[in-house]
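Note that the chains are named A, B, C and D in the order they appear, and that numbering of residues resets to 1 at the start of each chain.
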Amino acid sequence: MIRAGILGPTGYAGLELIKILLRHPEAQVVYLGARREERPAIDAIWPILRGRVEQRCALLDKDPFPAMDVAFIALPHTVAMNYVPRLLAQGTKVVDISADYRLKDAATYRKWYKVEHTDPGNLGVAAYGLCELFRAQIAGASLVANPGCYPTAVALALAPLLSGGGATPGGQIIVDAKSGVSGAGRDPKPELHFPEANESITAYKVGVHQHTGEILQTAAALAGRETPVLFVPHLIPMDRGILATAYVPLAGEMTTEELKKLYADFYGGERFVRVRTDDGIPATKHVFNTNCCDIAVRAVGRTAVVVACIDNLIKGASGQAVQNMNILFNLDEASGLA
Amino acid sequence: MIRAGILGPTGYAGLELIKILLRHPEAQVVYLGARREERPAIDAIWPILRGRVEQRCALLDKDPFPAMDVAFIALPHTVAMNYVPRLLAQGTKVVDISADYRLKDAATYRKWYKVEHTDPGNLGVAAYGLCELFRAQIAGASLVANPGCYPTAVALALAPLLSGGGATPGGQIIVDAKSGVSGAGRDPKPELHFPEANESITAYKVGVHQHTGEILQTAAALAGRETPVLFVPHLIPMDRGILATAYVPLAGEMTTEELKKLYADFYGGERFVRVRTDDGIPATKHVFNTNCCDIAVRAVGRTAVVVACIDNLIKGASGQAVQNMNILFNLDEASGLA
Amino acid sequence: MIRAGILGPTGYAGLELIKILLRHPEAQVVYLGARREERPAIDAIWPILRGRVEQRCALLDKDPFPAMDVAFIALPHTVAMNYVPRLLAQGTKVVDISADYRLKDAATYRKWYKVEHTDPGNLGVAAYGLCELFRAQIAGASLVANPGCYPTAVALALAPLLSGGGATPGGQIIVDAKSGVSGAGRDPKPELHFPEANESITAYKVGVHQHTGEILQTAAALAGRETPVLFVPHLIPMDRGILATAYVPLAGEMTTEELKKLYADFYGGERFVRVRTDDGIPATKHVFNTNCCDIAVRAVGRTAVVVACIDNLIKGASGQAVQNMNILFNLDEASGLA
Amino acid sequence: MIRAGILGPTGYAGLELIKILLRHPEAQVVYLGARREERPAIDAIWPILRGRVEQRCALLDKDPFPAMDVAFIALPHTVAMNYVPRLLAQGTKVVDISADYRLKDAATYRKWYKVEHTDPGNLGVAAYGLCELFRAQIAGASLVANPGCYPTAVALALAPLLSGGGATPGGQIIVDAKSGVSGAGRDPKPELHFPEANESITAYKVGVHQHTGEILQTAAALAGRETPVLFVPHLIPMDRGILATAYVPLAGEMTTEELKKLYADFYGGERFVRVRTDDGIPATKHVFNTNCCDIAVRAVGRTAVVVACIDNLIKGASGQAVQNMNILFNLDEASGLA
C-alpha cells in the first residue's frame, strides 16, 4: 500500500485528490497537512467527506511529516517550493500540483510568477508530468511537476500537429480557452462572487496569463523550436471544465479526415485521450469528473481547429496527479481513475 | 423634477435604483454618497452604467449633503440610521431600504439585529412601505421604511387570508422561502463564492432569520392578533428572485376557486400584484426585473398553499422604494416602473 | 460476478447505473436494453462513456434477454411493468427504478398514475427498497421497488419522528421539496428548455404530485396510522440534487439537541445517512454524486424542521438501486458506492 | 405615434421587442401576428407581460394586416421572406430580424441557408441594419435587414481595424465567439435541455455556421476586399449574452494604447458602443439588457485581440431593431433604449 500525503487538502484540488485516493486500491492517505492553526478535521472543511474520512489536518510548518511514499502538493505556487526539498530529502516522492516546478528555468519562473524561485536546483530535476507526452521522463523521477489545467488541455490539443510537423513551423498559434470558476481556487474574490460570475462571461489576462510560459515551453519542446502561442483565457459560469479551442496554421493542405487520422493515430493507445473520429464535438460535460481529454479536429481552409475538453480538477489537476503517481510506482496508469 | 439622492450606490440595490431612476420621467439623481475615500465615478463601480451616468460618489461622513427632495438609503442596517436624522432635519424625505426603521419597537430591533437602535425616536415616525397594504400611511410620511425582500413576498402572500379572516386565527403558518444569491449582498463570502453556491441549494438561519421579526409584526398587524409564522429561507443558485411558499391553516373549508377569488378581489386594483386565476403557477422568471409580485393559491385539504414570486432587487428593494417615492410625491405609482 | 442488466440505459438514471456498476467489484453489466430500433452503441448515446464501455443496446421487445442475475429497470412508469413478469419468470431478480411497484395497492396506483396496473399480482410481492428503513424485507425479495427520488428524501427525513412517536399522531406534516432539473428526465420539454428553467424557480403540481401516494404510504407504514403529508415540489436551476424541508408538528416539547440525538440514534449505524449533530445545515453539494442523505434538524416552537439532502440520481435512483442489489446478493451494502 | 407590428411575438426576440416598445415614447404596438391557430393572448404566452399587454395574437396567413408604419419580423429565416413583399406593398416599412435579407446575393443565401430565396428582388433593396456602420443607408430604406447576433458583435469588433487599414490586408482573422442559450431560440431541443446545456460548454458548427456568410460579407465591405474570417461559435451555460474574441493580424506594429485610441476615435460619437480605454475587459454582464456593445482591445505581438460583448437579444436582435426603427423615422436613435 502506497502511503500518500496531501499538502493543501482544503482547496478544490485537495478535495478531488482525497476522493480519488479513497477509491484507489493501492494507495492510502496517511497525512493531510494544512496551514490552519486549529488542525481541523478534514470533514469539517469538506462536509461531503463526512463519514468517509476521519483524519485531522496536521499543521504545516509545525508538525513533522510522517514517513510517506509520495506527497501531493496542492498548495499555491510560491508556497509549494518551501516543502519540496524537505520531502525529497526524507525519500518521499513528490507530485507538485502547484506551478513551482513546471518551468525549467528560474528566469522564466520569475517572469511569469513575479517572484524569485527559492529552490532553483530542483527545476532541472523535476519531470513535467503530462503523462501522455512525457511518460518516460516521469517514470524515473522523484519529483513531478503536475501540469497546469490550461496547459494540459493546450498541450494535448497541439501535440500531434506540433510534434508531427503538420503545423506551419513557427506559425502563430492562437488558443482561446474557457474555464469554469473552480479553476480560480477556493478563496472568495469580488469577481468570483456568485452574482458577479453567474450569467456572464469575460476574458481575462489577455496574452499575459501566467500559464503562457508553461504553454510556450511545452510547445517548443514538442515542435523542437520556438513556437508562438497567443493564449487568451475566459471565465464562464460553471463549476468545472475547460474547453480550449486551438487555431493552428497548417504547413500544407489537410482535410478534416486526415486531421482526425493524425490525432487518432497519435493517441491510439491512450486511455485518457479520446479523439472524436465521428462527427461529434466534445462538451466539457463529456469529461466531467473523469481523467479524460476529449478532442475534435476540423480543417477550415489552411487552419486546423482543435477543440479539447478536460475536467480542470481531474485531468487538469488531481486526476493527472494520481496518474503520475501510478506511473511513478509502476501501477496500472488508470488505477483509481476509471 | 424631484431631486433624488442615493446613499449606498455601490451595492446591488443601489445599482437598480440608479437604473430605475434613469428611466423615471420626474426624478433625477443629484447625489450619490458612498463610504469610499477615493470618491469613485459610479461607472467605475458599475461598468454597465458607462456612458449613461457620469457622476462621482461623494464621500459619506465627509462631504455635505446637497439639497434633495428624497434620499434613498441603500446602506447596510445599523449604518443607515446614522444618516436619517440629519436628512430629515434638512427637509429631505427618506426611503430607507435598510432594515433600520422597519420594526416599530427598539427592543424588537435589538432582538433581531443584535444591536441597540441609535435613533429610536423615529421608529414610530416611519411608515412601513409595503405599498399595497399601507398606502395611506406612506402618503403622508417623511420617512418610509422600505420592507425587506422576504417580508415583501410573505406579506403579500398572507394579507388576503390574514386580514380577511380566512386563516385559522392564531394558527401556525409556515413560510418556506427561496432566494437567489443577490439577496445576500455584494460582499464576497466563502459560501457565496461561485463554485460553492452554484449547483447547490441549502437552508439557512432556520427559524432565526432576522427578517422574522418584520414578518411577525406585519402578520400581527394584518390579522389583528399575534400570528405565529415559522420562516425558513433557502439559498438557490440564481442571481435574482424570491419564491415564497406559504402554508396557511384555513379557518374553514375553502376551494381553490374560492381562494383565487379572495386573492383576486383583494388585489383587484393593484398593478403590481398579479393573481393567477388560471391554472398557472408563477416562476420567478415571470417577475424578473419587474416590480410585480405574482401569486398563485391552492387549497389542499384544510391548508392554503400560497406561492408568491418577486424580483428581490425590484419589488423586494429598489422598485418598491421608487414606488414609495411615487406615493410620497403623489405621482403615478407606476412611474419609472412600467 | 453478478451478471447485471439495465433496461433503459439511455436516461439519466441509466447512465448513473452504468457508471456505478463500472466501479462495482462484484457486478458486471451483461445487458443493455433500449427501445431504439437502431440498437445504438451506448457510448454514442453517452459520450462520457467512450472508451470505457463498448456495448451496444439490445432492442427491447425484439431481442431476447440473456441470463442475468439481476435486472435494473430504468424505464418510465407504465412501461416497466411490461417486463417484470418475464424477468422474474426467468429467475432474474429485479430492481425497478420506475414507480410501477412502489404502491402496494392497484387502486392507489391508478389514482396517482392515471392508468390501470397490468401486473397487480406482483404489487404485494415487491419489497419497497428504502434500504435503511426496510432492509429486512429487501433481503429476501426477488422484486424490489426502488423508491422515488422525493420519497427517499422525505421518508428519511420523517422516519425518526414518525416511527418513534415524536410527531403529533396524525398531525399535518408539510414537506416543501426542491429538485434539480435532471429529476424530470431527459426528454426535452418547453419548461425545461435551458433559457426557461435557468435563473428561475417555480412550484409545480402543488399537492397533486404523483409521488404523494408513495410518501403517504411510507408515512403510514412508519407511523402505524394514516398521516397527512402535504407535499409541494419546486424546480430549481441546477442539474442534480434534492433538498426537502419537512415541517413536523411535535407531540411534546423537544429541543434542537433532543431532536439531533433522536436522529443520530435512529441512524446510528448507517453509512449513507449522515445526521448533522453540529451547527451545520446540509447543502445538496455535500451529497453530490454520493449515495448519502444528509439531515439537519431544528426545533422551532412546537415544530420540528427537518432538512434532508440527496443526490436525486444516486440515493434517489441508481445509487440506492445498487445498494438494493448489494442487499439482495448479501454483499457489503456500500460496494460500488463508496 | 408610430404604429408598430410584430410578426413572431412568441419567441425571445419578440418578447424583447414588446418590452422595449412598451417603454418607447413614440411607438405603439398595434399588431401581433403569430402562427398559432388559437390566436392566443400574448400574456398567456409570456406571463411576464400579464397586466401590461392585453393584446391577442392575430393568425398570420389568415387575418389581414392592419395599417402599420413599421413591422418587425421576428420569425425564423425562410419564413420571414413570405411576408415582406406584402408588407412593403401596403406601405409598411420592415425591420426583418430574421436572416432573410442580410445577404446581398441569392446564391450566397442558398449556400448558407440551404434553401432558395423566394424574394430575391428585395435583397438589393434591403439596407443592412448595423446602425453604427451603415447609418446612412438605413435612413432612407423601406426594408432593413437587422443583423444577426454574432455578426453584430463581430462587425463592431472588426470595423475599426478593417476599415482603417490596421489589419493586414487579406490576413486570416479568427473569431472565437461564445453565446448564451437564448440565441438558439425557444424551441426545445435535446442539446438545449437544461441538464444537457447546464454546466457545460461546447463548440458547434466549427467553420460552417450560417452566420459566416454574413460575417464575410460585412468584413469585405469594411475592408474593401475579400477578408478571410474563421468563425467558431460556442454555447455556454447562461441565458443571454455574446462575447466574441477576435484575433486580427496587424499590418504593422501597434501598441495596446494605439489600438485603444483607434477604437475610441472610431466609435467616438456612438452611444451604444463603449470602448474600454482603461484596463478593464468587458463581461457580458456589463451589457445585460442594454443595447450596448462593449469592446476592449489588446496588442499581443503582431496580433490585435478584440473582445466585444453584447446582449444577443438586445443589440443582437430587438434593441438594434428598434434602433433601426428610430433611424427610419428620424427619431432620437436611443429612444426606448436608454
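Here, a residue touches a chain if its C-beta (ideal position, glycine included) is under 8 Å from a C-beta of that chain, and two chains touch if they have at least 3 such contacts.
None of the values given here were measured: they were computed from a predicted structure.
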Ask   = Considering A-B alongside A-D, which chain pair is linked by more C-beta pairs in contact?
value = A-D
Key: Centroid comparison with chain B (C-alpha atoms), farthest chain   = A
Ask   = Between chain B and chain D, what is the separation of their C-alpha centroids in Å?
value = 36
Remark   = Rounded to the nearest Å, the gap separating the Cα centres of chain A and chain D is 39
Ask   = In whole angstrom, what separates the CA-based centres of chain A and chain B?
value = 46
Key: Shared-contact residues (touching 2 or more other chains) in chain B   = 180, 196, 198-199, 237-240, 282-283, 285, 288
Query = Mind pulling up the chain A residues that touch chain C in the complex?
reply = 22-23, 44, 47-48, 50-52, 199, 271, 274, 278, 280, 282-283, 285-290, 292, 294, 338
Inquiry  = Which stretch or stretches of chain A touch chain D in the complex?
reply    = 172, 174, 176, 178, 180, 196, 198-204, 206-207, 228, 230, 232, 234, 236-241, 243, 245, 247, 249, 281-285, 288, 296, 298, 300-303, 305, 307, 309
Message = Under the stated contact criterion, what part of chain C meets chain D in this complex?
response = 12, 180-182, 186-190, 192-199, 237-240
